[in-house]
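Below: the structure, in structure tokens.
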């Protein structure tokens, strides 16, 4: 039952995020926009490029969607509205999202096309930057909650949300999440205007629709992760728990989409340099900070 | 106990801050070492009555780290702190306008912190850690001007020498901890019997490496390529002193045989290094050789059974030698070199610096009433009073004589000759450091003997014969050095002394050459014996066959020939195994592993 | 108990496949893949033994972590050597690497 | 046959199948990705065997590790796409024999030994906690050693791989 409810919430969230993305790009709020685009995509022929690596080509959009859904499955919307409340949930989110990179790699290699391949390898490079800080940020979260279980992570923030408790970790995780969802300014794998859509370039029709859906679900899942890890999840006065989760998740998604619009796209080398020279030290500092606060508070 | 810990932590914090801020390195280093000085002085006052403070910090499971401030360690800590502080004061001037100041001052502070940790360590684990950190920081500081030619080699050489000898310390600690069941230092010193002898010998090796005793003395002179403040610190109170400190602290452990060995090694060093100092053509290298010699005298005192004499000499020598190095640094800045021929007359041009240098030098030689007189007197008396006096006393006297001679030679070279020299940058800071330490070198003599007695509860050895003989040797040496022209002083010994008696020992013979020889032997074994064995087996068989043909043309002929052919083919096969093809060798490795597994299983089943 | 036998059988077969790969491939990176498979088989066995025989001793899990570390090490060093080799010779084919010939 | 054995077996078969694919395909990227999925299936086996933390960790680490392997394959191979159907193997017979022998021996030992009764698994959260206690307690030295070793390997690998600068 709760699985169906979460799935419905996920789809609704993905739709709303698609609306938000359109708004952040064009400045116009068109509630029907995503539906129209989806219908158009599904109506079109799904062209297959010449000499693709068929297995990888077909599997990539599905893997992207599945990994995003799996990540969302362990994130609680309310104390009981969670598909699987794993004892290692916080780590599982990251494990599932690691396969986003694999999916993009497959989408890059599969069609046997230059732009797509460049974009796929680019994302691997981007991963080398963000993957370490994101795990370190999660480690600091788990330190405070004394558990990797996501419901306990939320419960640990009853007094003070983690965004205020460990602001450095919040910033690191937020930016890493943007990298992971390849949102601008970290949108190297799609790079509109430079690589003609990158990993998406060779996809069309229904396959492209699945890929777009996967990306939207990915953004929702990451926003939900930020909400659960740093903004106290369902906690909040007056409104029912699921409503707080929804509001916070959408707000995070809007913030992520908007933030990128005002920054030019970063080059690969810049992304790596920033993450390694600044991101990792900051993430370590955050762990240290949380450890000190925990020891002092005891 | 927090006070004693501050003595370590303050310089350490300074080093960390310097590296983090990368600004104001000199001020931070001054503040750190100054705070350390205050802390260790306070500690010394606190424990002066014979009290002892200790703290246990969490360390490895079952092996906590302990700090121990008792009179002995507190005194050593004070020596380190005083010298460290004034050397840093001096270095502020010395490093003015030079590059790499951040690295330099961070290294100096770290060095002082590591040395404080060493002297205040109450257990072997912490001592070992500090010992290694000293090695590391001295490597970094000696190699400070790593862009110059020969500097990296010298730093590596110093590191390797001391590291090699450090193996002795490791082994000794294993022996002691295994025997006593605790890592705390004081209980392990009660160890007796064969374990004590073994541990004592190993400790002696470690101390000889760090204190640059014959035959491991070569690295110290090469280490002179580091900046002069580094040399001053290295020689007076830190790296080199660590060896002597180790011997002084563990002297209750040492058995008579080890003591005799220590005394002989020290005496030999005092003699040989003194000769080297007499022959040196570079002021800093002369001082380095003299350091070896003075630590030789301390080891001799330990060997003679009077570690308190060694201790007071260590303290006095710390002040003296740092003052000498600081003076030589001023001359170096004035003339742009430390070669003695270029320094001629440098003293006359800078009389105040020369005064400080001369006071320290005369103190080193043992002229009353300067500090060196008292401490050297104590060492001589110890040597005369020891059961091995016939062996040790002449060595000690010779060392004293040579000390006087090379001090006089250095002073003479600096004073005679044309005086000139430009202004020196940062002279004020350098002068302050030099003045303070020279003052200490002069005055410490009045304070040291009573302090030594008070702190350790032992009597300083005394003896009229020793005093008279020592004074005679000192004055004779001074006269010799001042009056006898340089090139006639050493006679036939001059050439080997100039080479630093290197062929007699050193890293190259002890470490590098055996390793290289081993490698060569292995190579020879591989392409000589293995191949040759395979081939010569075939060849031998052929020879046998040929011989047998002579005796029996037909019958056995074919048999022998086929045997020879078979042997040769077998040899060829054996060679083919080494194809250099990774997959073949992997297959062999897998087969070997399988075979090993079978053998082990059978072995396990059999038991 | 059945599950233990299943896991051990899987471990055995995986090890065999990995050994075959390490021995039969001509390319350095492919050889590394075979080694990784063998290490994976070792991990399967370790987890199975921990789970079904000694779940109270966490040294078993600890050992799995160490094996994961070893895998990462193997990758790092292997690729380091591979890169150096590629720079020098333009290929990582192991049949061309005969410098160790006796 | 219990559900646990069934799941373990299912993921085990998947791991073996992907493991075989690694050496059957001539496309290097496919081969790296097959290894990835083989290792991920091993992680799923851990999950089936109730070692949750290790399973998740395995699944997470292998994704990155094997993707990096893929890019190195593409960098160093003449024909990463496997379009030329190049022969990439040697000493096939010996390898098959060695692999089969090893597998048979290991499986034989496993089948012939009496392992005794199976124990019950502790809950997942407790496992993570106890593993952490083990890591920071009894096995700390081992773990620290592993950490230092990996750092050394990183530096060494970089040093080996970095391009030699010409001396001035």
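Letters are used for the chains, namely A, B, C and D, taken in the order the chains are written, and counting of residues starts over at 1 for each.
Convention: a contact is a pair of C-beta atoms (placed from the backbone, for glycine too) under 8 Å apart; a residue touches a chain by one contact, two chains touch by 3 or more.
Composition by chain, UniProt nomenclature: D = NADH-quinone oxidoreductase subunit J.
These figures come from a predicted structure and were not determined experimentally.
Peer 1: Of the pairs C-D and B-C, which shows more C-beta pairs in contact?
Peer 2: C-D
Peer 1: Return the distance between the CA-based centres of subunit C and subunit D, expressed in whole Å.
Peer 2: 6
Peer 1: Centroid of subunit B to centroid of subunit C, CA atoms only: how many Å?
Peer 2: Using C-alpha averages as centres, the distance is 46 Å.
Peer 1: At what distance in angstrom does the C-alpha mean of subunit C lie from that of subunit A?
Peer 2: Subunit A and subunit C have C-alpha centres separated by 32 Å.
Peer 1: I'd like the Å distance between the centres of subunit A and subunit B, where a centre is the mean of that chain's Cα atoms.
Peer 2: The computed centroid separation for subunit A versus subunit B comes out at 59 Å.
Peer 1: Two or more other chains touching the same residue: where does that happen in subunit C?
Peer 2: Touching at least two other chains: 19, 23-26, 95.
Peer 1: I need the residues of subunit D touching at least two other chains; which ones are they?
Peer 2: Answer for subunit D, listing residues that touch two or more other chains: 53, 57, 68, 90-91, 94-95, 98, 101-102, 105, 127.
Peer 1: What positions in subunit B touch 2 or more of the other chains?
Peer 2: 583, 587, 590 - these are the residues of subunit B that touch more than one other chain.
Peer 1: Dump the list of chain pairs that touch, please.
Peer 2: Listed by label, chains in contact pair as A-D, B-C, B-D, C-D.
Peer 1: Over in the complex, which subunit B residues touch subunit C? Could you list them?
Peer 2: Per the stated touch rule, the residues are 526, 575, 577-583, 585-587, 590.
Peer 1: Residues of subunit B touching subunit D in their complex?
Peer 2: Residues of subunit B touching subunit D: 61, 583-584, 587, 590-591, 594.
Peer 1: Quick one: which bits of subunit D touch subunit B in the complex? Just the residue numbers, please.
Peer 2: 90-91, 94-95, 98, 101-102, 105, 137, 140
Peer 1: Which residues, counting only subunit D, touch subunit A once they are in their complex?
Peer 2: 27, 29-30, 33, 36, 52-53, 56-57, 59-60, 63-64, 67-68, 70-71, 74, 81, 123-125, 127-128
Peer 1: So in the complex, the part of subunit C that touches subunit D is made up of which residues?
Peer 2: Residues 1-21, 23-30, 32-34, 36-37, 40, 43-44, 47-48, 50-56, 58-59, 61-62, 64-66, 68-69, 71-73, 75-77, 79-84, 86-87, 91-92, 95.
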